[in-house]
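Structures follow.
One chain, chain A, appears in both complexes that follow, with chain B as partner in the first and chain C in the second.
Right after this comes the complex of A and B.
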């Protein structure tokens, strides 16, 4: 299974598909012009995870330099869709953030509060 | 509240989405130099970016300005970010309504969570930018109309960690 990636100058995704999890690494800048791309990608990711009955999706945003509210909203919509999916098809989402990028920790903290049962946030440095 | 400023930065620009990230990087360097605190700088960079996007999105005449002032008050720094632009009456009214609701809410996080829920199914705009400034950057937002120009102001006090601001 492959998921169509985002591959623009501003934002890139690399997705590793395994039976235990989909792991997505996001690199670059998630700003206003990238909103539609990101929204489309998260919809494809969600559908693929549901189809493959994946237990966990990992989003590593450590290399992401900035995310604006429009792109953050794409994550909110994705998580909201996941919350509304039948419980049997729900998967867990684990975000990995860079401890030195303070905005990541604050934004992901808010997102984790939005779906306490579904989201975990792990903080680590870029090198680990 | 009026606080004496030790440093300020003011820019006028013609709204252009690609300029926002350039201005964000510039003011990020300004905050870092003046405040010397990566955590506070990060909060202010997010707030500045969201205010700039707001100005670009809703300006009706292609003009916006931003002014950032930093002043030391005892062991705190007081930061004010001010944007000005002309906008349509309906956008101005929506802004006033959101700020009234935000400022009447007792808890920044609870209000942000409600905004997130509301935004999840929105198709136009995120509706989250100002909520992000209020909750994630922990800044207070006010708005006033002066001669048809909307002046949106975000301000906060942060513990000072550096001698600079000079």
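Right after this comes the complex of A and C.
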């Protein structure tokens, strides 16, 4: 299974598909012009995760330099869709943030509050 | 949490209307932070949030109502800062709107929703934001239009970071270059990029001034006062820090002038003054300094009343209050919470304002003075250095190259006999040519220590951050006078050495 990635100069995704999890690494800058791209990608990711009945999606944003409010809205929308999905097909979402990037920890901390039962935030350094 | 049984039909209607309202709120907020809205739209945004808060309470959605209150707090604070908000604040406002939408859809904060956690996130962003701000203004002082520098006139913070980071890399490349020609070419490129970085972060001060003057006119009109505003000044672009500081001064100076200084037309005529007051604002650039003058021909400050209040407040002894010259007495008006008014108004007179303006300019190494002639008006002069943030550093010459390095002064430094030291040139891949006997210094904090080579013990200086990089970046180029220093962040250096 492959998921169509975002591959723009500003923002890139690399998705590793495994039976136990989809792991998405995001690189670059997720700003206003990238909102539609990100929204589309998260919809594809969600559908693929549901279809594959995978238990977990990992979003590694450690290499991401910045994400603005519009792109965070795309994440909120994704989480809302996931919450509304039948419980049996729901998967967990694990965000991995860079402990040194304050904005990542702050924003993901707020995002996790939308669905603490589904979202987990892990911090680690870029090297680990 | 629902305590009252609300008819389904009413609940359904509330949801439909509220979701539409939330969409309007979201759109308006996005437009405001991108500088694409007018004051009337901004007023509508606040009205929408307020109405939603009330509606949610009526239908028993206490949590949504509570969150609307927090949103109102955030929006008011943003408005007080002319919507020049940090991206953290933009994100938390946007997510608060989304959170409210979720509560409206779901009716209660059960099932995996951590409302308390989210409220804590808001609190943290708010307190950090207020700590970062040069002032924590009183909401009652904030009325009128919003003077945020429009996006088309400024570079986003993230783009600024990228520009600064790239510019820093070019400077380091220039240090690495071995041929004179390449070195000169890269230095030239760096000079141009750096000028671009500085320019990209500039805010057009004149439009900010006009915005504040427009507000002053609106306030005067609302109070039944008449004024002619005269603005002098070229189209000056300044750093955001300078724009923010002068914006604070303008808010308080103009509102004090309109509220306290300028009299009603009938009162002015009785005092043999023209019924229409004159409010003058001058901005000038003198090299790196920007001066601002706000002058009105209103009633002026009652110096004797200030003397009395200054004694009451313990700011002056009775003897000093009696003998001090007017300018010394007027300085008391800059003290926190000072006011000669017995009652407060919605606009000013609460004794806060001039102290905030004073603090804002002092933060940038500037000054603020007052001159007043009772019955004839007041003049406020502010002057600030138009520079990006200053940073206290410890600087030192390298024994291995011509580079002068620096570290932030928050770190402790101690001479050591350690043999295992770090030549910063090795880390940055800058060619070494030994020019002095190295001495070893341990740079440490509670969490780490690194030992570096220097010619002599680092000396304290104040540098200007003209090309700021992020905290996780190893270097930043800072200015001390005309000279550029390579600021190294010891904690990043330590982490890098450990991972190598």
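Here is the rule we go by: the second predicted complex is superposed on the first by the 128 of 128 C-alpha atoms of A that agree within 3 Å, B and C clash if a C-alpha of one lies under 4 Å from a C-alpha of the other, contacts with A are read in each partner's own complex, and residues count from 1 in each chain.
The criterion applied here is as follows: a residue touches a chain if its C-beta (ideal position, glycine included) is under 8 Å from a C-beta of that chain, and two chains touch if they have at least 3 such contacts.
All values reported here derive from a predicted model rather than from experimental measurement.
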Three-chain arrangement built on chain A, chain B and chain C clash or fit: clash
Superposed model, chain A: greater residue contact from chain B or chain C: C
First, second, both or neither for A:33, with chain B first and chain C second: first
Chain B versus chain C as contact partner of A:117, first or second or both or neither: second
First, second, both or neither for A:88, with chain B first and chain C second: neither
Chain C region in steric overlap with chain B, selected from 128-136, 290-298, 398-406 or 434-442: 128-136
Shared contact residues on chain A - chain B and chain C: 29, 31, 66, 68-70, 72-73, 76, 80, 100-103, 106-107, 110-111, 113-114
Residues of chain A that touch chain C when the two form their complex: 29, 31, 65-66, 68-70, 72-73, 76, 80, 83, 98, 100-103, 106-107, 109-118, 125, 127
In the complex, chain A residues that touch chain B: 29, 31-33, 66, 68-70, 72-73, 76-77, 79-80, 100-103, 106-107, 110-111, 113-114
Chain B residues touching chain A - in the complex, by the definition given at the top: 17, 20-21, 24, 38-39, 42-43, 45-46, 49-50, 53, 109, 112-113, 116-117, 119-122, 125-129, 131-132, 135-136
Residues of chain C defined as touching chain A within the complex: 30, 33, 87-88, 90-95, 98-99, 102, 111-115, 117-118, 121-122, 124-125, 156-158, 161-162, 471-472, 495, 499
